[in-house]
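Next come two complexes built around chain A: one with chain B, the other with chain C.
Up next is the complex of A and B:
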């Protein structure tokens, strides 16, 4: 019996050794599945940044997107993900849209469905557009001003088609008096008073208050036309009716989507979309590391989500496929923010102590270093936005080369009345490993000056109910929250207002985590928004940004960057600031 | 498993004869002495035992070991990383005389120190939760077995209920709702307390069933009958007559429960509901390593090997203890 048992156990031990060996083998084996022929025609590192990579007018072929994240909805009025806005230009047009040009130039607005720029009158309260003659739906019928008005009205029906940006609703109908087209009593369902459509070619917007960024809002997919008799309400996102160069052939959520040419779209009516490929496909998959590998194998052309190559594949990509990579700005800032309701962060000196004590270099490394993470950010306005100043360095972060300023941190602690330091909690999303790494870095730096910070990982899917609720933040004692933010549209209003305007503090889904409510800052927003000259508005946003820095409620980490993959067969690839550093999808083509 | 007949017949006489009538013995040998002499002959179990002992020593003296051979486990060494990739700059995951097992990607912490300190968390959680499970299991098992009737029925149903409970899912849900401060604990301390209680709470039915079964057969034995007829109280019978005879199976199941607990703790830390950062834990290190396993495979192998050795050593040792205490057992 004893012998029997011993032999069984030996067998177990033997199996274990074999297992360990296999584990080692697979782990090592992973690293030599690289070196493919892909280098042939790749146009070089950063060839798509600030210039057009592989410029070409060659038509045909299939453009193959791959994605790990499905859109919230492909309904133009419901989608809020940035990649959806970029992709939506394939099947829907707006009155105005972003210029098809690399980098910062892309933030300029050009007419799309409209024949020319808006006629603005009445002190910036009236916008009048005339439509082009040859714009049509996929059934050949013309796109009318009424279609545009109906599409915009759908935003009001948040009870039927929730989600999507509500800027147009806030600007055109701040009191939400209109109830949406599905509850509209009028015969033509066009009861919204702020938009007038005297004939099929003319559309007039009447704003209660001027807003210098109104045209930015009209460039969002939420301002797209929808043909009333094709509106399937909540189901519209499964098959939007196209007025762009492509129409949706088939779509299976979380599996795949196929687009083919819309032959009713007239190229001469469209100066924005090149419409080069014959067909476009999107494949959805679950595993991001697997996706990166298949991109590198050439099975797909680019990542629809454009979240950047993951850490697992990054080293291989940079070593062996550098010519296929673009390392661009995303327009996001990664930061920590101090809710002023949580002691001792009600005291500005304690907030300053954290800013001085933070090791910005280490935070940058935790984000992925200068390439995958981004450049150290000295203030809270990203570089692409008018009024931003990458040299404005109020806490001498750049001057110190990102190193912590322990002396000043200790002085600030003394001024705060806590010379020995204090205890606090860092809140971080549990589904963002990189954010957890920054939390650990911050925790370590704060320990050097006596601040004892606990890292609390909350459920990332519950963000709006946890850190988005000022009550929960106070209850949980979250003194430091780690987050990232990108603009819905590239102006100071689009980036900063939800973060620092006191009137944007919400009881749920809040983004002004610091609960900063400074009349001077709020006033600057009012001034800048009323300003129709972008340059002048930029000057005001610059002042706003300085006041925010002085309030010491934010600790910016980096101006976010990603490393994105561009397949060798991709033509006309360039990153666009208007689409958060993604490629301008409407311009892409492929070599056969 | 069905034991081969000749095998059983060979082992049986010696085993039965030894504890009850030591015919040839010059001095009396207690059952524990006999078990020890059997264990001493089992080299594999002894090796497991020695490794277990070493692991316990490593956990106890972690601060001294790290002071001598490593760097504080929470100290960042970003200067030793490749600035562009965030990976250890040197070969073999940054292994050298200074950093014995290399450094962690992204923040450059000393892997050796984190593995050594990780042993503390693993063993602490494993031992304490085994203690909780054994205490609960023994008390409820002995009560159920001795009293029978509706007490037995109630306790047995509760055990069935707990055995059917999805333990991992329950802990994940629980961790996300408990406040950051509770019972005077906070941070990693609180997480450890919760892990110990929950793993222990869900583990007691396993041992409870064994104890109940043993008690059922023991309570009919003559010596219990004798104690009862002499007027011994229930508590006396339960804890002075029955319990000493249950020590052997309890010891065996405790040693086999510990490695399971080590694995559970690692799994929970891997899923991000174990201890809080920056407290080191093997499971947490493994989950971090998944992101860089292609470029820095060693970082994944070390915590894996640590878990592997610990579990294997405890299992070998536990098996040996079972053989020594219960040579007739066929399971």
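Up next is the complex of A and C:
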């Protein structure tokens, strides 16, 4: 979950400054009535954080999204970008989905297509759902248990339906024995043994191992139904068949998308989606600076990608339109990680030396400061996740107000047997200017204690083959890797397991860059995953997080934040932890 | 003349084939040589081995590069089928490839983007040729005056300011502040009036850059021509100044301008990248940038080929036009 907050802004800093000045100048013109209107009705800074801004049940109007980045796919089984998951709820439903509520409350799962939450039996290995009576496709036919099973099965056809998350595949069929519906020899193409559909209303999942987060995986678009005779395989993303409140009228990739009401959707069957606007449009444009301006002009309602207002427009927005802004957590952590296969990072003291020597304040500034960058993170579990503790500060980063602790760094260097420092390489994606800035900040701070770090910018589009390959990391001598990470689903398993569980070390596409493989940590994951009570699982994740900190393989920078635009026209706007701090799109409405 | 045309036509075909081969090599051979797998570009975020293998089979990435190239060229003429077992994707002729990112054939995309780029280039070229040449001629005739100096000063600014800056400034001033022009969003078919209104700023921004260059070029050439003997002769035999300038001097001045214009136009057909980006015009240039950042190789390849075609074609047209403008040039 590292690429979907991709920002396309690669402007030279100079241009940004000039533009910022220009924007400020034009905003001060005073003749722009549109802007004044915008100011008058806006509900206030952070009005959409933790509460609902402009609550209303008023229907009608067109909700206008704008975006600079296209989704990886609008096919429910192929999309992996966070904004796609949020938007997909307009045209697709799942057995369960996230509660339409602000902030942390949104991570609670509520029934969607299912009449109630799962009946769990067999020690957490069987999940049974009964479907609601009045759920239907856009052609009026009912959504059946078989449709859900078929939709989920599509993920198995990785050679055709690539790109989406594969959690359900890993949990339901760990050995990948099923070959996917397109190679399925049974007449109904429903050959996956782990899912049973005794009738059109009942669906039963049989897990080989219990997994307390299984319902979280069923809340992903990847668990959406797909009607077999409407499945266009790889091309399904160009026009997914709707079972939600809106259907796709037109879509031209990278250009525009238009949705209108699906009159076969029955409001009484859906407690999650308010379906307020009559129509929804998405405009894709190239110029991110112009996009920010047009948001401020009131031409669009919000940024679909929610990457936050760009550097050029940020000052103007904060000065003149503060009431239209929300400055919330994204659930991401930005960090540096130390591969233990690269000397001297096999020695914990050398790793500690880097953590102590880092200037956390400067790293925060490089990320954009406390507002656009985020709060300094003292550990590796984001605040919205059960078990996190923003005050757990093992390396006294907060206590020191983010300043480097040169004394302790030098002590650690001595203990590591390198009192004069050492040479190493910082690997950073070349397509993320902000990450490059943090690499330079770290490089400068390390110089103060004698650590000579070279910054190596690698092809950011090739992460899985470069830093995702432990062999390449070792060969290139990447002692420090700079990355960011957000959870696919908001639990300790969803966030931390790919990063720190030794059984998740992969030869390609690896995310456990430090190659941490501590049986105690792995065991804690097993315990937490088997636990069906989220609060108890949270306690276990808390211990896991402490053990990760003690291993000193991560240097967290910030709990990521963005500054997002909320137009004055928007009603029911609130940010949702379940969707990485984006607005809950399914609840939004507009004033006409 | 006919023999010349046939010869040139074949040269164009060969040139395009060579360009195709080189471009194809860059996109599909280079990644292999440096150890990255082109298949990785097409599988999205979750790079499951089955997904990578599926796309490799479908695109025939395991074939030798010349076989891949051969299939591509055949596809241009006869269409193509991408198949991996039962998973079959058809690409109708002329098949310029298939984007596995957006699951679309490349040729319809190119024909969708081309009119946008053409309309941008066409409007801008009219503006900059009229504006640039007129400014250049006037500057040359009024050499050393305030008029000349200020025109050339503006021209210098036009050449040196990046279009991202002038474009954004134009938007801020004429669109957001004064509200005279909209942004280029309406299509010509849907609403010609607002299409025209929206295209004015992109046209002006792009034309400003080129007009500046053309003004300087015209001025320099015109000054040179005015010193020629035949101009003195024309004046000596009592021709009026408009005839001397308009008929005799302009003809020689236009030759280098036409050369540059042909090449510029050819290059612009491949997309005015920065202008399209600044104004979010969905033409070839913007699509090329997007395709590059998405590593959408078939789309990049398609745009490269169509741009190359226009540059080569523009060169041919310029050569042919020489004979029309300058009787001294004979095509043989």
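Assume the second predicted complex is superposed on the first by the 555 of 592 C-alpha atoms of A that agree within 3 Å, B and C clash if a C-alpha of one lies under 4 Å from a C-alpha of the other, contacts with A are read in each partner's own complex, and residues count from 1 in each chain.
Here, a residue touches a chain if its C-beta (ideal position, glycine included) is under 8 Å from a C-beta of that chain, and two chains touch if they have at least 3 such contacts.
Worth saying up front: this structure is predicted, and the values here are computed from it rather than measured.
Once the two complexes are laid over each other on the shared chain, residue contacts for A:457 go to chain B alone; chain C is not touched. Contact with neither chain B nor chain C is seen for A:540 once the two complexes are overlaid on the shared chain. Once chain A of one complex is fitted onto chain A of the other, the partner contacts of A:101 are absent, as it touches neither chain B nor chain C. When the two complexes are overlaid on their common chain A, residue A:509 makes contact with chain C while staying clear of chain B.
In the superposed pair of complexes, A:318 makes contact with chain B only, with no contact to chain C. Of the two partner chains placed by the overlay, only chain C lies in contact with A:159; chain B stays clear of it.
In the superposition on chain A, A:310 contacts chain B only, with no contact to chain C. Comparing the two complexes, residues 4, 23, 31, 459 of chain A contact chain B in one case and chain C in the other. If you check the complex, the residues on chain B that touch chain A are 3-4, 7-8, 10-11, 42, 44, 74-76, 78, 81, 83-87, 105-107, 176, 179-180, 186-187, 272, 276-278, 288, 290-295, 297, 300-301, 304-305, 308, 312, 315-316, 319, 323, 327.
Put simply, chain A touches chain B in their complex at residues 1-2, 4-6, 9-10, 12-13, 16, 20, 23-24, 27-28, 30-31, 310-316, 318, 361-362, 365-366, 368-372, 425, 430, 433, 436-437, 439-441, 443-444, 447, 454-459, 476-477.
Across the interface of their complex, chain A is touched by residues 36-37, 40-48, 50-51, 53-55, 57, 84-87, 89, 100, 102-104, 162, 164-165, 168-169, 171-173, 176-177, 183, 185, 276-280, 282, 286-287, 289-290, 293, 295 of chain C.
Against chain C, the residues of chain A that register as touching in their complex are 3-4, 8, 15, 18-19, 22-23, 26, 29, 31-32, 70, 72-73, 78, 80-81, 158-160, 162-166, 176, 182-183, 233-235, 237-238, 253-255, 283, 285-287, 289-290, 293-294, 297, 431, 459, 461-462, 464-465, 508-509.
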